[in-house]
Amino acid sequence: MRVGVLTGGGDCPGLNAVIRAVTKSLIHRCGAEVVGFVDGFRGLIENDTQPLGWADASGLLTLGGTILGTSNKANPFQYWREDGADVSDRAAGVYREHGLDALVVIGGDGTMSIAHRLQQKGLRMVGVPKTIDNDLVGTDRTFGFDTAAMIATEAMDRLHTTAQSHHRVMICETMGRYAGWIALYAGVGAGADVVLLPEFPYHLDEVLRVCKAREAGGQRFTIISIAEGAHPEGGEMAVAKTIPGSPDPVRLGGACQVLGAALEAQLESEVRTTILGHVQRGGSPTPFDRVLSTRFGTYAAQLVADGANGVMVARRDGKMTAVPFAEVADKTKLVQADDPLVRAALDVGTSFGTPALTPDLDTMG
Amino acid sequence: MRVGVLTGGGDCPGLNAVIRAVTKSLIHRCGAEVVGFVDGFRGLIENDTQPLGWADASGLLTLGGTILGTSNKANPFQYWREDGADVSDRAAGVYREHGLDALVVIGGDGTMSIAHRLQQKGLRMVGVPKTIDNDLVGTDRTFGFDTAAMIATEAMDRLHTTAQSHHRVMICETMGRYAGWIALYAGVGAGADVVLLPEFPYHLDEVLRVCKAREAGGQRFTIISIAEGAHPEGGEMAVAKTIPGSPDPVRLGGACQVLGAALEAQLESEVRTTILGHVQRGGSPTPFDRVLSTRFGTYAAQLVADGANGVMVARRDGKMTAVPFAEVADKTKLVQADDPLVRAALDVGTSFGTPALTPDLDTMG
Amino acid sequence: MRVGVLTGGGDCPGLNAVIRAVTKSLIHRCGAEVVGFVDGFRGLIENDTQPLGWADASGLLTLGGTILGTSNKANPFQYWREDGADVSDRAAGVYREHGLDALVVIGGDGTMSIAHRLQQKGLRMVGVPKTIDNDLVGTDRTFGFDTAAMIATEAMDRLHTTAQSHHRVMICETMGRYAGWIALYAGVGAGADVVLLPEFPYHLDEVLRVCKAREAGGQRFTIISIAEGAHPEGGEMAVAKTIPGSPDPVRLGGACQVLGAALEAQLESEVRTTILGHVQRGGSPTPFDRVLSTRFGTYAAQLVADGANGVMVARRDGKMTAVPFAEVADKTKLVQADDPLVRAALDVGTSFGTPALTPDLDTMG
Amino acid sequence: MRVGVLTGGGDCPGLNAVIRAVTKSLIHRCGAEVVGFVDGFRGLIENDTQPLGWADASGLLTLGGTILGTSNKANPFQYWREDGADVSDRAAGVYREHGLDALVVIGGDGTMSIAHRLQQKGLRMVGVPKTIDNDLVGTDRTFGFDTAAMIATEAMDRLHTTAQSHHRVMICETMGRYAGWIALYAGVGAGADVVLLPEFPYHLDEVLRVCKAREAGGQRFTIISIAEGAHPEGGEMAVAKTIPGSPDPVRLGGACQVLGAALEAQLESEVRTTILGHVQRGGSPTPFDRVLSTRFGTYAAQLVADGANGVMVARRDGKMTAVPFAEVADKTKLVQADDPLVRAALDVGTSFGTPALTPDLDTMG
């Protein structure tokens, strides 16, 4: 048996742990030969490979990043050749050239979408769900999320003490353009006073009301966890701005600064902003993510061994299962107002910046 | 509404986070008055209390230990008075004296057992499951476990590099007297080569075979994750030994040293042992445990508000639910040979020290 | 003996550890009564105090922030009363009202400058040097710096793995407006390829040359550690910009984005920026900073007990000593080109973005 | 120029960082060819080498352990050949066979002693001081110590919260057989109540007095930091004991258990012991140790380039310098009673377990 492996899309803690688990498991179960494609689908298109034996897969569990490299851009259905056709035939040809029995792709919703289309071209495809944002449908959890949330929580812990010393409003922006899971989870984990998510456009008045209630009470500081895609009601997501004189746009600040400027204008307290950015994507995965990656990877190998096709590994209600690509490709799992974590946050006094999702401030301290 | 809270049994990261969540949630939901009993059931027996208002509950989320104190010993059904009766009536009297509507107890299987008996005496009782060992039946997870497993994993990560440099066999003993969840989880998370659990008495020959195969191959080191209750087949759990001249027994080493001595005698490699001990129980909880504690605590408050009695909060298949004490008291959830994590570990080449639970060494490296 | 304590200026890990050490040491050595002033010099001006006994000082060693609060603004020589005089007399009056024998101020160069002027008004003043930037003259080290550098190093470690996976240029901005010690130390600690400091205005061509040499060689990623005050030769420090429509300026990006935009325009690799911000100032201090804080605090107490006046505690060549305020107030210790750490960085292949401070790229890789 | 590098003695965080710095620096400064000897002096004796180019030295900064391997045993002056001579001539022959201009050895006092004797046989030798124990004479600091002390401090932080919850005496044993630097530094860093070092044999009565004073006061817990070589006055260092029925001795507990048994017998509080062991030697070095390793390594390369011989790199009063082997070989730097850190610890209320080194308990609390 010969099986290919590639990692697609953005970086995510646990990618190497999945590569290790898939590879070792396929060798151990089936004596398979495993081949890695370099830089995601680019390697499949350009036939750029590296062998994955047992020794190559050793020592990867704790390592951040991906030894196979990745690429955000190399979609075989969006690269055109001179004759006007896309390069997906070339990708399929490389698959066949290597005599592969299956290709395991580790990636997010975009990667699953490509996998789905390659399956329709006759390739046998198995997916492993990856995104620090935890916003893939079909699975309770994706690997990388626990690590990203841990990093965001630790940062907010640090901001907490400095907010207290200086009586400041501290705004901490996490990743999450469309779904606010990291900001929610870290906000609950760090005890943020306000959590602002893309799913619930916030009312500036409501955020101000919370900050002022805290100024007025004994607690003269406020911690705000905000997702990068959060925006005021009626406003838009804050996006890349151009630096004058520069030919290319560079992100000059978004959710965090828009809110910061608005609060600074109306509060006595000083306001400070922090954007966590790419530190949330890198480094060694948490034990939770290592274990989840190992379970995902070994289960993917089992699916390959069992002849599955066109499915993504998933964890549902705590158990491993397989979900058809069609159910997950190009979809996003959003935070709902009745999510148990949202309700728990409200119960301990966290506001989501809307009248409907703010606790009764009079009951608090 | 008046509600009491106490923490029973051994220390566990997340206790304060639960106290915070229960207290804030009860105040927010019901305007309840909350009273804490000091040092577990001792406080209930001796009427030793401290008030828990919103401000008291603030700042607890990240704090290790329990601000209420705890006690391993104060079981109201095992403390006898002069007239031969136990002190459970006195405990019930204190409950009534405070005019409590319910008592929330945070603890392990022993605490749930006491809670069950107090309920039978007419007290309204709600439990929150706590143990770093994750061995309570009725719930997928207990808070504290993620933190303990993280600490154990980090320690094994450190032992890994030193084992490699010195070509050593490193044995790392985790907590877990009857159930091996920490040793299993940390073993998978740290990529241990051998995982030894109380549930699967190990064959020394099998452990030696793995170590020697690694000595013979290129990888001249072995990492062994062993639970404190693990023991050789036919042997017994290694328990407290007495230091000559000392009136009291002190733990002089158990699982870890028994195995270490046996391996040292038969391997060329040097063998080193490490017992993690109480560092696994203390300190700030991980974000995972803070979130789980918050969910458990707010759900317990909801149960109290809804009039529940005689139940323990539980997480089943990822969702909060309530389980009757009778189903959980005095029971232990053991690792089964077909647990998915055991199978995943085997797939990546981990041996459990028995012929039945060892991967095919010939396929490896 | 009665002694006052206050913390001035920006937040810094270790402030509470110094408060603890000063307080316990004064009580232990002299049986002193210690009084804390709240929010820095504001507490001295407004006579806002809290007592500091042995129990108050317990448990502070590991705690981030300052239990006394601090203020950036309350300079008694810059607050004017109605009659046109400043409030320094009022501050001196509060000192005398409390019958203080000395006042210990924990702060940076601004705080030492105020302390100097208060000393000239007849108050007995002893200073403890604090700044995460390590840019105070007269002392080898300030507490807080090790923690800030550790946080910056860990962030760069995480960026490292994601830069490698994506073949990116990652720019990480640390604190340091005038002095680049954090960017230098973390850059060396994390193995950054380029380190850009305020002290050495960088040549964009030189930075591009390094990035391109790495693109051309096997290592297709570059890590850049940049201090917030770093700027191109002939350019200026990037400062606060106004968001259109907002009444107040909010920092919209500085050193990091200016460089990012310039590199993005001329490199094939993607460029990503991260600004660490206030996470560098908060949270529990490292063991190094706890020990240094304890040494500083106990030495300050000894100076007070010995009758010293007008001096700041300092560590010089590894030993504690006292330095007159006049030597340290309002001065900044800058990184010099011949600093041993700069030379060590060059030796391992790090460029400082100038032709004079770039290693010979041909010898590398 | 051709230069050899080897790592001797026990494992230590920062070894790889030194290998990287020496190698890169020698290549960058002199275009040197660098060759690594495998497993310390064993590689020199048996001519077991691996090349060290720029690429080999990349990525090592953060890596625990040593890529060259090490050996505690391979002393060329203690291995005898059949003709009764030792193998030092063979080692010298390998040095000459490779046409080396110098050999850089990274190790502790034993390694420096061997280096001294090899120098006397005509080899050019430069040493880099390594020990987690920080007990080498001639240098203020060795790399690895900051990391070991950090690990020990974090462990004691965790024990602190659990001691408080349970009103326990927690004893934490650090490495340090002859010198107690780790136990001292971590004890001060973690705020231990009692610090017991090999240098100051403790009086059990004094330790009991401190514990009982704390039991009697409000603080019903005690944290004790004890070095593995600490022992009661008149007693001996606790050493390996034999498990009955086992052919080989295994360390069954030493300093920690001897004290634990003695305290348990005479205190009301429960007593718990933790031995940190080898976790102190492994894993990624702290930023401090990475920077120090880089400075040591680049300075060693400079010494080699400058023609130095028979010297060890050292940091004295914060500056790099070179110290002749004769001054450092086979010597141990012990903690003195007048060490500033000992005095600081006494000032904040820490007892060293002797009447002379215990603070006045009446002033406390």
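Per-chain residue numbering starts at 1, and chain names A, B, C and D are given in the order in which the chains are listed.
Everything below uses one rule, namely that contacts are C-beta pairs under 8 Å (C-beta built on N, C-alpha and C of every residue); 3 or more make two chains touch, one makes a residue touch a chain.
Keep in mind it's a predicted model, so treat the numbers as computed, not measured.
Note on connectivity: the fewest steps through touching chains from subunit A to subunit D is 2. Chain centre most remote from that of subunit D: A (centre = mean of CA atoms).
Taking each chain's centre as the average of its CA atoms, subunit A and subunit B sit 30 Å apart. Rounded to whole angstrom, the centroid-to-centroid distance between subunit B and subunit C, based on C-alpha atoms, equals 41 Å.
Multi-chain contact residues of subunit C (touching two or more other chains) are listed as 154, 157. If you check each pair of chains against the touch rule, the ones that pass are A-B, A-C, B-D, C-D. Looking at the complex, you find that subunit C touches subunit D at residues 20-21, 24-25, 27-29, 31, 54-55, 58, 61-62, 140, 146, 149-150, 153-154, 157, 185-186, 188-191, 218-219, 286-288, 290-291, 294-295, 297-299, 301-302, 317-320, 340-341, 343-349, 359-360, 363-365.
Across the complex, subunit D meets subunit B through its residues 7, 10-11, 15, 39, 63-66, 69-72, 151, 154-155, 157-167, 170, 243, 246-248, 250-253, 257-258, 260-262, 264-265, 271-279, 281-283.
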